[in-house]
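This is the structure, below, for whatever I ask next.
Read from first to last, the chains carry the letters A, B, C, D, E and F; within each, the first residue is number 1.
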């Protein structure tokens, strides 16, 4: 199975698990004319069923755990998970609380981390490049 | 509507509440270059006269703005401050008015004011779930922020044994707890 | 969602919870009859992070500035702004005047970015993606400016108790003015696009009406209140920082349209006017900026000590793009952490108006009507996952998921 | 209508092979046009936009993805709907003249058949939505039905008016020609039959059809059934992988077919007679290219520009636009043509 | 065989009649035997109908004179006009006969399970067969008075069948309404017959047609006949009783009632084309049929949208569909006096209308049967109470879809073939007719999809956990009709050439009918 | 004419250059690995991201040698991103926890911390070596990094 087309047509579902919105607006910014990731075939979709990539932000509060898992399940294979922002990666400023279950990689497997608080839009694009490299390596590994 | 000075407001509280009026203070500072004044007014009343005090505020302005109820765990008692702002809509005239009531931990009850100020509902619900203060007569008893499965009888803002149970506290992996 | 809910006549459509209204995402349960909304219930706290608790359990108030900043990534000037003011009042610190001006400038820059962001999202909500792109493209200018002035696009980290952390120097003024001129030249076009366009009018006029009475009763703040004709604006009523030196007037829609309806369209007007107002405020600030230090106590370590010894309480109020932010702080002597910290975000109160706004509307109006109070931003649509039992075969159980995730964390294709 | 013609086998083989080729070519061009459309829209929005081959990549990717069937769904319908949707969309290509040639099955159906055939993909689409049993998909499917109903009003008026006017000429012929046949329409283009009033009337009908095309293509402002911000993808919420891909393809083909229909009805001209190219091969190539240009023009106006320049309507506004406004406008067109006939 | 065919027309009427009276006897012995008897007799009747159809296709109009030495001896010596009871079967009548035989057979099979839980089943089948008799009689008779008699037979048995399920209160009301309407219609028919008889001393249609003058009493008679038949057929604005009666009958009977509507429609056509025919030189009557037909289409479909009761919902659609036939045939009637127009589109319009009768007779009973199946399984006719049934009733769902596609005229199904025939002819009369037709069929589709969603789609409902697919006999009955749909779908040209066009010609060609009965060489 | 305002604007836009900054390449390369290799080899040029201003706060850097181990940075860090290494009396910093507030930079008495301009940090491993700062050496722009020379050489507004 070739991942060639897959990697150049990544549809993204954005999932906020309790972030501060900072990362979320930068994710949106990535779609806008200045950065325009649609040129890479990336689209934001409204349903995880259509998604290839889950963009997760936020430190995962307890209420969100089942939802995060369900969305992960609803996303058809093959899929990638990218965590945007340090609070999703390691909790960031929210590292200690009575209502946290994160970080994200404690709940679902994560492929690419995008550190930053929030990362610049280019950093998010860079993470896409990293994802491509990962996919290409996986493909080489298979063949 | 007549705009009273802070001092006059304190006087009007005294006349309206009589004995139930406990204390009041005015905080004032000067801002920026023109040194205009930023003032806030803090009034403390007895719990019994709490509703009268709110009623009185409603007479100072028809729709006083209730910003939030803050609550502090002072050890033996819980202090609630109802943060009002009045006289808004007038340049430089607005006042922040904190209405302070102290509740002994043995009797954590406060009457609702949603009948006077419908918008007080959210903050009353929050106070109820976060501090464990029972708001008597609140029209919507549900929790506001805390999840369904949050343990009964635990209140995040309490600093005593009723605070969030230790096993709930979670320090994300990689950091030691404080 | 249970079965009854999927069932005919009136059924319930869940909106949320992956949505950060308030300080936290939110879930709305809409009871719908056909396409009409008959009832709305709000479930807040879907991603309650316990920020106030965190703040009360941190080592010192300086750390809490950054917590306050992350209450929300959009208004991350106004929360620290209100927070530091509250701490300053509690500890009796007076920031230098220059710092007040710099604070004001950043706050107004944020207002521009936030309103443009909102404009884009609002357009997106009504499916007008071109305007979304236009607004966000125009917004990049202010983002660049913010990055230029503060060092980061989103989280600005400008505030320090007793002042600001970075100066705005004379050399930087031209660059700032250049951006402001850009916006001034563009304002006419923005106004035409938003106020004259056919489809936008069709989707926003008489949609999501909030009457003045209701606005007052439900304690709404910010553009939501002002669009309903309540001239409430902290910058005007109880001015703080450099606003006290300027003469600010609360913007109401009648300034453009002559009447106040309180619908989504009016909220657009108010926000547009405020963009213009913000530009003017920044210009005035640049003009009047006094010289002097930018911190009351430049040594952070000393500041920490002062704060540990301070005792008192204070309230800080700031007019965020979405409305008034209030922080209450109580400090106890000998204790470095905050004794009490209470935050009131504007959406907190505005949200109470949502049922009033939505009732009687169509499903199609929900995104735009809800977005019009600007609950941070609106991903009312980010809702797919309902609690309904469509969970299908669970591909992987929790245990396995956990294992998988741990493995993946380790497996490193280098 | 005579399917039982002689040479049934030869005809059958020709038809089957021809259909496959045609659908393939139509699909490829459809995707290409979708790519161009996305590119142009992006440029109009000040962006670079995806490469033109992007739709091919999307399709390829969707095909390799897992297709999940949700628990609550009526699974056989849920899986059948995308197939039906694609097949019926592809069917359109067989009945509409493409590339300046006759329609492959042109002898078996005419413009009125197309009016009905156009319903099928939308119907399959809606059924798929109903079968997903998700509230969003259900609302989406209901909206799809409303939209379908709404634009069928002006569509019917436009096509029947056209046929009626052409029929005034062609039914007098011996033997009379069916004015709804595309071959007849091409032979007697409406513009050559009518006077100035009729030209205005016909222009109005063209306008109607363009707006209908926009709705048919389910693009903003008429994309209420999928409304991403309201319904999170609407009908398609529960679809994934191959099934989603089929819908995606069907949508692309439908848009292409719809634009070709407008071309076939109102711009049935070929370039080769005009510039006087005699050799059939060359003429074919020229006409084919000219056809692509015409379709492009229709698509650009009815889809790219409209969807860039407008906000999404509410469902009530969609039905208002079509049922009231567009229907009245198209009736005005009909009246003008009728008046033109009298004077 | 020849003898059989010679007598087939009377046998077709007689066999059900005889069987009807045998049923109580056989029914006492065994249920199975009775069911077998019903099937066998109806199947045999169907066989006869097809045989007769073939004969007519080859030899032209079939005449049968009761009591005459030779069945085709219509005019006894010494009489100028036929006096005996004459059956006259032409292309149009036999088309109706074919329909009636198929639907009644399917209805009977459907009833076996559908009615199984009711008491008085013998009575049910007796009535059913009587109704079959009445129907055939109406279609085959060549005599106005006999038409009246058979109409009465069909009406009374129909009313009794509607009210058959006495355990539901609304059935009584429905049956009552039906009988009242029938009685009024009968009275009007009887009065009209009186008017005609008084003038011309004859009741044989052919004979009358030959001599009719179109005097004022004739006009009154025409109006009365038309009102009576259109009322019984449920044309707007005389449709109000229609859903009330149709929705409460057992579904199998509703299916048959649809055909009795067609029979009344047929009677109206006969009156217009064959009886008055060339007399109606102006297009007034045609226009009346067209306008009320359009009204029926629109009112029917818009009323249907609001119905929650699945059977009422379908009844309104029946009204709407009947409108197509009125319009199609009406256009033909309107241009009957103009041979040129008749040739360019009039005949096609009539063919379309008639073809639509055939198609409607397939999909509408099918849809009523699926409605009955839903009722059978859920015990309710309320669409809003149903849901998620596709999970359980796959066959019913598929059959419903076939019916829906067909009624909405979705290509390539049969409903489309007839509609397109109508559209492509009537637009030349007036483009609005075609536009309305298309729009109504879209509305039809929309409302059927809505009902489809309410009943079949969505998650499974807990209250229908136990629901199973309906019994096999009901499925078979529905499949018979679906097979009819598919057959027509596959070979529309065949059907049009062999059945529909002859029927249309039979209507247009008044002379042939007259000649057949008066014996003059055409 | 107002109604056509939008259409005119967008049609005009059709012929203008898009506002997009094409980092790192206009379209997705067929093979990213090859693309990156060619970039390292200098055969291809990567289109650079929007330049960062001088005050930009990117990945943190630490001059380990001069760290005194005073722990003030730990005291003030809001994310617990800084860990003390007791054996060496030095600190290490986890970039994947940091919130880039630079508060530690400000408080550090010997000024051995600084924020660099590096922000393309995406990674497969959040504890990768480059994201755990132990020593960045005598970093360009650590102590040496001057207060921003403001105003000079700032990029002008990028868009029309």
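In this text, contacts are C-beta pairs under 8 Å (C-beta built on N, C-alpha and C of every residue); 3 or more make two chains touch, one makes a residue touch a chain.
Keep in mind it's a predicted model, so treat the numbers as computed, not measured.
Colleague: Using the touch definition from the top, how many steps at minimum link chain B to chain D?
Modeller: The fewest steps needed to get from chain B to chain D is 2.
Colleague: Which one of the chains is farthest from chain F, going by Cα centres?
Modeller: Of all the other chains, the one whose centre lies farthest from chain F is E.
Colleague: Does A-D or D-F have the larger number of C-beta pairs in contact?
Modeller: Result of the comparison of A-D and D-F: A-D.
Colleague: Measuring between Cα centroids, which chain is at the maximum distance from chain C?
Modeller: That would be chain E.
Colleague: Taking each chain's centre as its mean C-alpha position, how far apart are chain D and chain E in Å?
Modeller: Chain centres of chain D and chain E, defined by C-alpha means, are spaced 38 Å apart.
Colleague: On a C-alpha centroid basis, what's the spacing between chain B and chain E, in Å?
Modeller: 79
Colleague: When the C-alpha atoms of chain B and chain C are each averaged to a single point, how far apart are the two points in Å?
Modeller: 23
Colleague: Which residues does chain A have that touch at least 2 chains other than itself?
Modeller: 4, 8, 32-34, 36, 39-41, 46-47, 49, 59, 63, 74, 90-100, 105-106, 111, 117, 120, 134, 137 - these are the residues of chain A that touch more than one other chain.
Colleague: Quick check: what residues of chain F touch more than one other chain, meaning two or more?
Modeller: 6, 10, 18-20, 22, 26-27, 50, 52, 78-80, 94, 97, 99-100, 124-126, 158-159 - these are the residues of chain F that touch more than one other chain.
Colleague: Mind pulling the residue numbers of chain B that touch at least two other chains?
Modeller: 146-147, 156, 164, 174-175, 178
Colleague: Residues of chain C touching chain D in their complex?
Modeller: Listed in rising order, the residues are 1, 5-6, 11, 13, 35, 123-131, 133-134, 137, 197, 199-200, 202-203, 362-367, 380-384, 386, 388-393.
Colleague: Along chain C, where are the residues that touch chain A in the complex?
Modeller: Checking each residue of chain C against chain A gives 17-20, 24-25, 45-51, 53-54, 57, 66-67, 70-74, 76, 117, 120-121, 132-133, 136-137, 139-140, 143, 153-155, 376-377, 379, 381-382, 384-385, 391-392, 394-396, 398, 401-402, 404-409, 413.
Colleague: If we count contacts the way the header does, which residues on chain F are in touch with chain C in the complex?
Modeller: Residues of chain F touching chain C: 2-3, 5-6, 9-10, 19, 50, 52-53, 55-57, 72, 75-79, 99-103, 106-107, 109, 115, 124-126, 128, 150-152, 154-159.
Colleague: Under the definition above, what is the set of chain A residues touching chain C in their complex?
Modeller: 14-26, 28-29, 32-34, 46-49, 58-59, 61, 63-64, 67, 69-74, 87, 92-94, 96-100, 105-111, 117-118, 120, 134, 137-138, 141
Colleague: Using the touch definition up top, name the residues of chain D that touch chain F in the complex.
Modeller: 40, 42-51, 305, 308-310
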